[in-house]
Amino acid sequence: MADLAVNLAGIKMENPVMSASGTFGSGVEYDSVFDIGMMGALVTTGLTLESKVGNRPPRLCETPAGLLNAVGLQNPGVDVFIKDVLPEMLDFGVPVIANIAGSTKDEFVEIAEKFSGTGVAGLEINISCPNVKTGGMALGTAPEVAAQVVGSVVESTDLPVIVKLTPNVTNIVELARAVAAAGADALSLINTLLGMVIDVEQRKPMLGNVVGGLSGPAIRPVAVRAVWQVAQAVKIPIIGMGGICTGRDALEFILAGASAVAVGSAFFNDPLAAVRIIKELDEYCGEHGVDRLQDLVGAVWK
Amino acid sequence: MADLAVNLAGIKMENPVMSASGTFGSGVEYDSVFDIGMMGALVTTGLTLESKVGNRPPRLCETPAGLLNAVGLQNPGVDVFIKDVLPEMLDFGVPVIANIAGSTKDEFVEIAEKFSGTGVAGLEINISCPNVKTGGMALGTAPEVAAQVVGSVVESTDLPVIVKLTPNVTNIVELARAVAAAGADALSLINTLLGMVIDVEQRKPMLGNVVGGLSGPAIRPVAVRAVWQVAQAVKIPIIGMGGICTGRDALEFILAGASAVAVGSAFFNDPLAAVRIIKELDEYCGEHGVDRLQDLVGAVWK
Amino acid sequence: MNGPGEFICRVSRQVSLGTNYYLIELEAPVLAQTVSPGQFAMLCCGEGFDPFLRRPLSIHQVNKHLGLVSFLYKVRGKGMSWLSRRQSGDQVSLLGPLGRGFNCSKPGSKGLLVGAGVGVAPLLFLASELVDRGWELFILMGGRSESGILRPDTFMEYGEVKIATEDGTSGIQGSILELLADELEKSSFDRLFSCGPVAVLKGVQGMSKEKGIPAELSLDEWMACGVGACMGCVCQSADGSYLRVCREGPVFEAGEVVLSG
Amino acid sequence: MNGPGEFICRVSRQVSLGTNYYLIELEAPVLAQTVSPGQFAMLCCGEGFDPFLRRPLSIHQVNKHLGLVSFLYKVRGKGMSWLSRRQSGDQVSLLGPLGRGFNCSKPGSKGLLVGAGVGVAPLLFLASELVDRGWELFILMGGRSESGILRPDTFMEYGEVKIATEDGTSGIQGSILELLADELEKSSFDRLFSCGPVAVLKGVQGMSKEKGIPAELSLDEWMACGVGACMGCVCQSADGSYLRVCREGPVFEAGEVVLSG
């Protein structure tokens, strides 16, 4: 067994494989399928101040090697979440990171404050959701705006603050630098690409929300590039994600500069994806004489 | 037979199916495979003022439902092209559009001027190539810079000027508006997405050029979204491209607002893709009682 | 809770039921023991990542004794096409059992099953379970033409079968909803059970309300996770919120949901 | 010019040659008539868009009379794996013939073929053509172990075969390059023909220069179009420019190219 452990901005994980926000429910849904306690960390679905019904269906559409979704942050709201859902997530015994989605800076702060002392290991600030009208990507494309949101959250919490960035920008490095300067403890790269599918029979968009976020293996090269660019520009650790389906995919992100990785859409292709990826990472280390997986972080450019 | 013809900014095509720049050589390469004269129009590979050797290999890497390339505009230079290659392209009897790639505004103008009276039907200004150090995308992400290049070319030529945009921007609509205002006669959407693949055995990038452009079905939802956004914002016609492999794919772009479409990577999956797409467009029209395909342009939002 | 599991199953049989319809039987002993009518499984239907998502299919028939589970399906696109090319001995991965099925323990003794097209798939397993529980069943089957009426002889083993086809090639010419209206005029039922295109489900929902007969409807939505984790597969509930078809469904009481489309 | 065409071919035979190696024979009468040794075809190796690109395979054997063309291949990833599951009667699309093959009309009468691993694939067709033209051939085959020495008996029909394996399970223990050095010491040849990993090609290139014996090398690069349209598959030429492996190659005179990797 190689040492797969990682300490990500103070969040201690036994291995670098996390769940990607919005794709893994509270973990309970997969409880009977595999041992959730094997995961490096769990990330909650996007949480808003008030409960949110989400977008109207259809919310999903398959694309070549990918998936377009426009869930629109359906969730019970942060209070209900903390009361009803968080306890069962914490029961898995692995760090839980809350993905929070305010529609204004002040909402972000309010949600962040609610998480003090709840047992979550960190906050992931979602300023990159393409599927909501307010907040989301709107707060995450202009570096100054993003930095303001991040700065306020950092001030209002003792928890490590991870900032999740959108790839739908001209210059992701500039954005990453701005939020790092504002005090972010880590970055999550990438959220989905803005996309659209049209139903040529009905001559209307496939999704109820018209546009949605593209995820899955289709976007992996874009995600690896983003991690590679950003890792060379900032000093804070990066969680890489976007189409990771195998240990080799995870390694691409690690070699590009990610300290941890998240598995999202891959669960839909193979519910055992995360367990398999952890095993494949260990096998790779074994075959290549790697003692500590963290030694490989950024090896492509270091 | 439905009427598939389109007059794109003065370029008269019998059907809307063109070749995408850089993927179809001069057409001669496919001459024995199918009747090139069936195509709506041919677009040349990216042409520079001087000859260009291109990037070092490997230049290609397959990705899930896609392809990453970093050819880097290998071409014989515009003079040799006009003398040796253009004549055989014109022989196919369909409009030929020259894709031009200057590294500065002045170079764009110089290349554009060389094409006067050569028989090409139009110019496609490539300010979106991700694989070159100067010019390319660097000139195509800031609206003001792009508008300057386009404005200068428009002044220096009588040919219709098509501007090819990159999707690697925060706001493609703003970019499209700027080049439309600068006098562009049409737009091509989209060029490739910036991506990267890492060889986990060698622990180095797969491509000689490190990063490359992602094309193919994987990016289609991003391309359809871009066309849908831009078509609603500008009045000039759009050539849609990005992962088109079937008649239905082409229809997605047309319904989103494209007047014509280009086939690129699909040739690598099926050399007969363009012929088949034209047939499938005709079949769709037949089955759905569509007399003129152009009536469907933008039908999703009109 | 006895949750779903991931299983790699050997194909024991693949039977073509005329153009585009197939029956695939898998060795899945655990699933056979735990599944109930109306539940489904997510089947992996390809090798690379295109198609990327698994396909939801209702459990069609179960042989607990032999540990066999079968699915009845229509080839629409590449996923089902891939599945139809599996042969006995090949392996197929699936996640199941999933979702909330039909409620076979509700009181009643006279049931009417309404299945349109490949929507009859979950109704066979349901019929066998209900008959075991002493219900008397009447079965309406509808389709475009005779070739779309799937396994009528097998259904006849569980109750009286009536058929409607749009072109009249089998049974009466017309819609299954006409057949349903007729039937509801003629006799009374304790419960309706239906699966099929949304137009048919809407018809059933309407008549259920009109006649005051409870009905259970099996819904169809695009799915990604199948377990309730992604919030992708929702339908609208009567109170305006959204319910996950894969978790709160796929079978709903007719009054619970607002059907659209 | 007699250019390539797109053909849908029936599989007439698929033969497993031990772990990971296969021989597939296709009905391709037009291709059989027009192809020459060293040329290749781009085979469609999947259904959806993953894998997306076609796979280049060298023509291994041709039966003009029966209109059959066969390919010898190693399963590396998903493309070849898919191909290996095709059975007789299935269909495979291919584009061919492609590229510039070996130059069989160059003067000479004594040739040495150097094939490492699955690199022997194009050499069988070449051998049959050269022997038809009156050449006397000597054939060196190399591989990791015996299982990687493909069809040695068939090669023996065309000339004397010598084998080198890394583990000594067949022929001498060692590299095919040692065998080559030996052979070039012992006798003289008019021309060398080689295909295999770049390390082997480099060795051949070096000795060809040293001994002043012309050599032709068949190169391997990732390909997209296969016809010279995309500029994706280049190798470096002696003058520093880039040559398309699919068009100016895949077979090059040893002096034409700079090998890297």
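Think of it as A, B, C and D in the order they're written, each chain with its own count starting at 1.
Simple rule for what comes next: contacts are C-beta pairs under 8 Å (C-beta built on N, C-alpha and C of every residue); 3 or more make two chains touch, one makes a residue touch a chain.
These numbers were taken from a predicted model, which means no experiment stands behind them.
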Taking each chain's C-alpha mean as its centre, the one farthest from chain C: D
Pair joined by the larger number of C-beta contacts - B-D, B-C: B-D
Rounded Å distance, chain A centre to chain C centre (Cα mean): 35
Distance between the centres, which are taken as Cα means, of chain C and chain B, whole angstrom: 46
Distance from chain D to chain C - Cα centre to Cα centre, in angstrom: 53
Contacts with 2+ other chains: residues of chain A: 63-66, 216-218
Touching two or more other chains - residues of chain C: 48-51
Topology of the chain contact graph, where touching chains are joined (line, ring, star, complete, other): complete
Complex contact set, residues of chain A against chain B: 63-66, 68, 141, 168-170, 193-198, 200, 203-205, 211-212, 214, 216-222, 224-225, 228, 243, 248, 251-252, 255-256, 284, 296, 299-300
Touch list for chain A against partner chain D, complex: 64-65, 217
Chain D-facing residues of chain B, complex: 22-25, 29-34, 45, 53-54, 56-67, 69, 71, 74, 216-218, 245, 265, 267-272
Complex contact set, residues of chain C against chain D: 46-51, 78, 82
In the complex with chain A, residue positions of chain D that touch it: 48-50
